[in-house]
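The letters A, B, C, D, E, F and G name the chains in turn, as written, and every chain counts its residues from 1.
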Amino acid sequence: MFIGLYNYWVVIVLMMVGFYIVIAHGNLIKKIVGLSIFQTSVFIFYISMAKVDGGSAPILADEINQYSNPLPQVLILTAIVVGIATTALALALAVRIKEAYGSIEEDEIQKQDNLD
Amino acid sequence: MSLSLESMLQFSIILPLLATIGIVATGHKPNLREAVTITTSLVVLYFVISLYQGLQQGESISVYWGELLPGLKISFSIEPLGMLFALIASFLWLITTVYAIGYMRGHHEQNQTRFYSCFAIAISSVMGIAFADNLFTLFIFYEVLTLSTYPLVTHAGTEDAKKGGRVYLGILLSTSILFFLLAIISTWFVAGTLDFKQGGVFAPDVNPLVAGTILVLFIFGIGKAAIMPFHRWLPAAMVAPTPVSALLHAVAVVKAGVFTVLKVCVFIFGIDLLAILPSTQFLLYLAGASVLLASLVAMRQDNLKARLAYSTVSQLGYITMGALMATSAGVVGGSMHIATHAFGKITLFFCAGAILVAAHKSEISQMRSLGRQMPITMIAFFIASLSIIGLPPTGGTWSKWYLLMGTLESEQFILMCILIISSLLNIAYLLPIPFHAFFSGDKSSTPDSGIKEAPLPSLIALSITTVGCVILFVYPQPLYDLAKAILAT
Amino acid sequence: MLIAATLAILVVMIMAIMRVFIGPTLYDRVLAVNMFGTKTVLLISLLGFVMGRPEFLDIAIVYSLINFISVIGVLRYSDHFIFKQSGQSKK
Amino acid sequence: MKDLLAVAMLLSIYGLLSASFFVAMDAVDVAFTEASVGAGISTLLMLVAISMTGRAEHPSRHKPLLALAVVIVTGSLLIYGTLDMPYFGSAEAPIHQHIAPRYINDSMQEIGVPNIVTSVLASYRAFDTFGEVVVIFTAGMGVLALLSVVRRSPVDIAKIVLFNDAMHERHLILRIVTKIMIPFILLFAFYVQFHGDFGPGGGFQAGVIFASAIFVYTMLFGMNTARRVINQSFIQVLAAIGVLLYGCVGVVSLFNGKKFFDYSALAIDPVAGQHLGILFIELGVGLTVASVMVIIFFNFAGRNETPRNSDKQDL
Amino acid sequence: MIVHLPILQVIIPLMAAPLCLLLTRPRLAWLFSLIASGLAFLISGMLLQQVMTSGTIIYEMGGWEAPWGIEYRIDQLNALLLLIISALSTIVLFAAETSIHKEIPADKHTLFYVLYLLSLAAMLGIVATGDAFNVFVFLEISSLSAYALIALGQDRRALWASYQYLIMGTIGATFILIGIGLMYQMTGTLNMYDLSIRLPEVAQTRTVFTAFAFVIVGICLKLAMFPLHLWLPNAYAYAPSIVTAFFAATATKVAIYLLIRFTFSVFGLSFSFTHLPLQLLFVTLGLVGVFVASTAAIYQTNVKHLFAYSSIAQIGYMIVGFSISTAAGLTATLLHLFNHALMKGALFLALGAVMYRIGSTQLSNFQGLGRQMPVTMAAIVIGGLSLIGVPLTVGFVSKWYLVLAVIENGWWPVAVLILAGSLLAIVYVWRIVEVAYFKPALAGTETIQEAPLSFLIPVWTLVIANIYFGIDTRLSVQVAQAASQSLFGVSP
Amino acid sequence: MRHTILLSLYLAAFWLANSGHYSALMLSLGVISIALVVFIAHRMDVIDHEAQPLHLTLKLPAYFAWLIKEIFVSNLLVVKHIWLGNKSISPVFMTITASQKTELGKVIYANSISLTPGTVTVNIEGDKFLVHALLTQSIKDLESGDMDRRVTQLEN
Amino acid sequence: MDAFIHISSSLFLLIGSFLCLSGGIGILRFPDFYTRMHAVGVTETLATAMILIGLILYNPDFLVDVKLVIILLMTLFISPTAGHALANAAMLNDKMQKDDNKQNSEVKSSTS
């Protein structure tokens, strides 16, 4: 569908959007969203590596002799799980932080911490 | 006893450590505790004297404990300079302990157990320094000495004491880590060995710039030698009780410093190499400046202990100068001065302490007419002052003489002038104290003050050291022989 | 024809995303997401055919399930806000 | 976007989109997972969390210039890095030349499973997958450690606020439709579990689908009902058993004198052994994933119903 | 079973974790984890011995040979790290039962042990594996369990610290993932050994350069190398004491290991240090880190914070040693790795004891502790001396080697700066000593007693190790030298 | 019990239709799975006449046919109005009354309303349905009760 | 026969696409939430059905067809339910806002 490296660049832009959200936003939930986008973009990046022109999904079938690379897919399966695990834990933390501080804004939490 | 000399050497280091345990264990019974201390110091003195005799008979004694890092041994041996130092230290430990018993009890000090145990550790490390066979061993004990004396300096636990302790530890540890350790590592790197060797360890063709830098690092790094500008710790440590000051000034710390300087100059660089290094000159003048400046500062101090402290800084400058002059007379003078200054200064401090305990006076201006109440103390003070100044009939005469000879030998006339001027300054700041004590002040105030002499142990101690000062004048031969032997072996 | 249909679906998906961004209410967004989800189901089915491996329709089934679940989720937890708010207002 | 719910919606769309992309890139297994996880579970969790933390974002005051700079530098570096990369889809790229050919050509003889992804996942790189299971187990334990609430007294339970209770009374349509659907979703999960060898799917996806059936049930009928159906401590045990099952397959091969995870030790015929091993470890994966997902969800939702007035700080 | 040692090393604590969950009685769980950790320690000792005598051990998972399957590849470096981690974990765990009693609610004790075991297993897994992607997976296990463990701290700031760590850690891990992806794309392999063979062919490409940058930055985030250290102090300060002791002693070590592994083994020395101005960068960052962190440590009012900053400073030393990129420098780093684990383990464990008795680690609460808890305070003092680098402690040994390596390379100013850094250590250590020994005890603290034996035994085990390895350095130096030489011998 | 058996049959059909692999292993796994699902469903208490409306089975096809026709027609209507634009529509809320007795019947009715584009059931309270319509015309058609009647017939 | 099936499948797909597009335009064009819902209804019922039927005709493989049918049934089953649920929630929300549009900070900021 795309030619050359162009699609990698799209992925990189997506990645950077996620990355930006993580480091620039002060809301804890939004940071987690950013993290999620960041990670998912990396997954896309891996999966694009695996694609072979004219290839097919790596599930063996007759009359097909060109398959895409299964290895990155395996890796990303694992990575997705890691991603959801991280998200779950981060959300749990955010919930606890809300309970403890009454806020999920970075600067307000920071302010409260500086007080004690 | 049938102990071999080797084991005696080891025991003289280990015994004080073991004594620490005994002291802690008997901490709640002061008499027993002090008995332990005195017994140990007697035994150690016995060992050291036996070792001295062994050395006299030409036996070579060395002990090897192990290798810390590959090539870095912990080992000990005996040579004249170390012997000299060990003799002074072990003897004065005994005296100081006796004195301390009187002082500490008279002054109702807290934490006496901590005091005695740290004191014992300090002595142990002094022995280690004295007998160290290489720079590395020396360095280890040097650091232990610093750390073990820290609690002594901050003994009082007051804000002042803590501040003093901070300066003390700060300067000593930082110079030793920053410069001394660096110098050691550099030496190890350049020369490949750290063993003390007659004539030095550096190859003759060593780059003079590198060796010169290392020398500067050494002299700066040995903060215990109190060369300006790294002398601040000494006055700061004045907050400590008097026996501690005695320990710092006479027995252990500063002596360890100048001893190390001498060791490094003679056995790491060797006086031949030292003479041609470009930085030697610079350091000599630094030491000279240190001598003069400290004397001048001392004149302006009203606190007796502070004045004595600056006096020490100045006297240490002599020894460093002697070492750096790179002549045999200089080395002999320097090493003899270790001994004579030790006796002189310890007496002075004992006196200061005695005055403090008996009359509760620490400022010089308050000491007028004390001579009548405390005649023995004040006479001792007078004699010790003479020794520091370098006048007969005291031991100080000889060491000053050899130092002057050294300046002549190396044709350092400026330094000679410095020596003479500073001796005059010594007179100016030391002698007025006993003079005023005996001959001035209003006589009316004397009857009601009720001041008596210091407690007996203190008095005994200071008498012994005063006698020591005189004996060193009358009978300097053993001392001279030892000093002379340093370069000979 | 398959490709044309795929493209059409893609266009509709873009429209849905636009609606998600425009809003204005949460429910508009949820609606658009829901629609997006069903369109994804179609897209996946079509893609399978376009690429000649139509046997992977399980994915599409999962999609429609997930879609359902997330709508219920939104409902459940937006209810939450409504109630929380009413609870506040009644105090 | 200041409304976090809307952000969560967008994230869900992103998940769906990337999953479609994965299908286009031939990565059906990944698409399967991403669909259920990216669009499903993580959105759901996010919703629950937002329901507890509030949905409005306050305007932030700090300047994002530094962040922007960091992002631009990172992005430029990455783009710079792509310049020497093999072109997209090129079959000559090193990744298609070095290791993958063996997987594609020989896995059928060596393992006997048509889905190459499954054979790589479950046999060649079984240890990675074991790590994956442990990751999810760890997350479950972490959430448990963070959110689990000490058992409350009946008085406290009575105080639980209304909105956390069942909603099936009010939502007639939802109730009936869900009741009809749940058994099929469950069975579909089992189907995915056991057909991972032949098509996309496997333990992980199955676990997620299974768990989502429970989620729907919980959301509709309320936590208290769900707790009656699924015992909390039992599900924790199940999670542990899943991991252990996976690990034990490896240990059994150890005791048979083979290397860890060498399934050929499990049966006389190596290929059959491989097949059996994959079956078991997929089961372990499914068990752990399903139970951990349920644990996570229960703890989030259960936290929600903590009585509002008391014990907020100290837990 | 001897051939299976590499896998048993990891799998025993890993499998013990879910088993531990099944034991509901906390005391039982503790005993069980102690046994598991002890077994791991035993195995790591055997592994080290095996490696030292017969060289690298290779263990192929599932019987699939290396680039296709995952392999464990244990050489001297890994073996040393394995030993450090499992040993420290066992010692620290010994005190856990007493410590968490006061710091963690009772119903979470079992979970604590589960997470602890997971964390331990994951660290062992990171170190043992020879596969780049497997590193990522285990890195995540260790990170996730770390986040949870840190968040178990009593203070609410523990939560915030954990969250920040999570964000930073995940960014770091994702960077590593990107880096691994790029490497994989250029070489087609994930096995580290295979990578080291295939990377030189494509070493000149921009992609490999980028891969390198991402991997290194990612690791440095995990490593808390200055200036990426911001997450560390709070995380260490508010975590439960046991967790702090365990992580301070091991977690950063693992990151250092990764750094060494990737730069020296995978990318190779010539790539890492000749094409790039990396040496200069690392030396500068390392030294600046030493100074900034030490200075920050001086101004802390919480002792845990203080030692956390000190950890960052110590990491700076390791980075300097690493950046010399000679066998001597690496030896110094490895030695310091080992030694720092001993010091920080002892210090933080002792702090745990203080926490147990007085419930706080604020410096102001240390007043008079020298008299009330003499044995514990003595341990802190000795640990502090070791941190400064006083002779006869391990700190001296590593500093000696570090300075020697720096001088060997002709970097005199660096040597001076390294030593100057120790001076700052004196200042912050001495602040504690002064407060503890020379200030009167606070009113109302007369009842404070010495810490229980379950603390004192592990603390003093570590303290004695501090002194023992400061005097008898044969073992540590020999292993460190063997490891660094093997790295320099193997790497192309 | 009837419902359980029926559910098992449905599930079996579902499995067989999906599976495509009819080896002994797979079939036995299928049996086990179904058993498990039925067990869980039982625990969840979701097996009853609401969920398994077997009594409707016979009548449903006819209804569906009619419904599909309705869907078709209303779709075209809505599409027409989409293209005609906003002016052509006349959105309205209206409450209508449903005559079904069972809840299941109401659900079928409500869903049928929603399924035909142009009208959506918004709320159910008792037998009052709140319906939103795109066109007033559509609501008229609903009120005429054709659909209501058919669903009620289904019920009986 | 083949040609006929092929053409009819194409036809179904075409109609489906057209309906889909119409729905898409509707969701953008209609003025408020409830009306948009109807537009979505179009895409989810007939459009989906058309496309899926087109696909069924396109592919003769039994297993695939069965799955397509399942998808179709599920869509028809779920979409009205979801639509109803959404509408219900929106209505409740509206009602709530009317009840108290004084101090409802949270929801308002998000919906405005």
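Operating definition for what follows: a contact is a pair of C-beta atoms (placed from the backbone, for glycine too) under 8 Å apart; a residue touches a chain by one contact, two chains touch by 3 or more.
This structure is a prediction, so every number in the text was calculated from the model and none was measured.
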| item | value |
| --- | --- |
| Smallest count of steps, each to a touching chain, taking chain A to chain G | 2 |
| Chain-chain pair with the highest tally of contacting C-beta pairs | A-D |
| Reference chain A; chain at largest CA-centroid distance | B |
| Centroid spacing, where centroids are CA-atom means, of chain A and chain F in whole angstrom | 38 |
| Chain centre separation (chain A, chain C; CA means) in Å | 20 |
| Separation of chain E from chain G, taking each centre as the mean of its C-alpha atoms, in whole Å | 55 |
| Whole-Å gap separating chain C and chain E, where each centre is the average of the chain's CA atoms | 46 |
| Numbers and ranges of chain F residues touching at least 2 other chains | 14, 18, 20, 110-111, 121 |
| Chain C residues counted as touching two or more neighbouring chains | 23, 26, 30, 51, 53, 55-56, 58, 61, 65, 67-68, 72, 74-75, 78-79, 81 |
| Junction residues of chain B - those touching two or more other chains | none |
| Contact pairs between chains, per stated definition | A-C, A-D, A-E, B-E, C-D, C-G, D-E, D-F, D-G, F-G |
| Sites on chain E touched by chain B in the complex | 385, 388-392, 397, 399-401, 403-404, 407-408, 415-416, 419-420, 422-423, 426-427, 430, 434, 437-438, 470-474, 477 |
| Sites on chain B touched by chain E in the complex | 66-70, 139-140, 143-144, 147, 151, 154, 157, 161-162, 165-166, 169-170, 173-174, 177-178, 181-182, 185-186, 188-189 |
| Residue ranges of chain C touching chain G (in the complex, touch as defined) | 1-2, 4-5, 8-9, 11-12, 15-16, 18-19, 23-28, 30-32, 34-35, 38-39, 41-42, 45-46, 49, 54-55, 57-58, 60-61, 64-65, 67-68, 71-72, 74-75, 78-79, 81-82, 85-86, 88-89 |
| Chain D-touching residues of chain E, taken from the complex the two chains share | 4, 7, 11, 14-15, 17-19, 21-22, 59-64, 67-70, 105, 107-108, 111-112, 114-115, 118, 121-122, 125, 131, 133-134, 137-138, 140-141, 144-145, 147-149, 151-152, 156, 178, 182, 184-190, 198, 202, 205-211, 213-214 |
| Residue numbers on chain F that touch chain G, as the complex places them | 14, 17-18, 20, 71-72, 75, 78-79, 82-83, 85-86, 89, 91, 110-123, 130, 132, 134 |
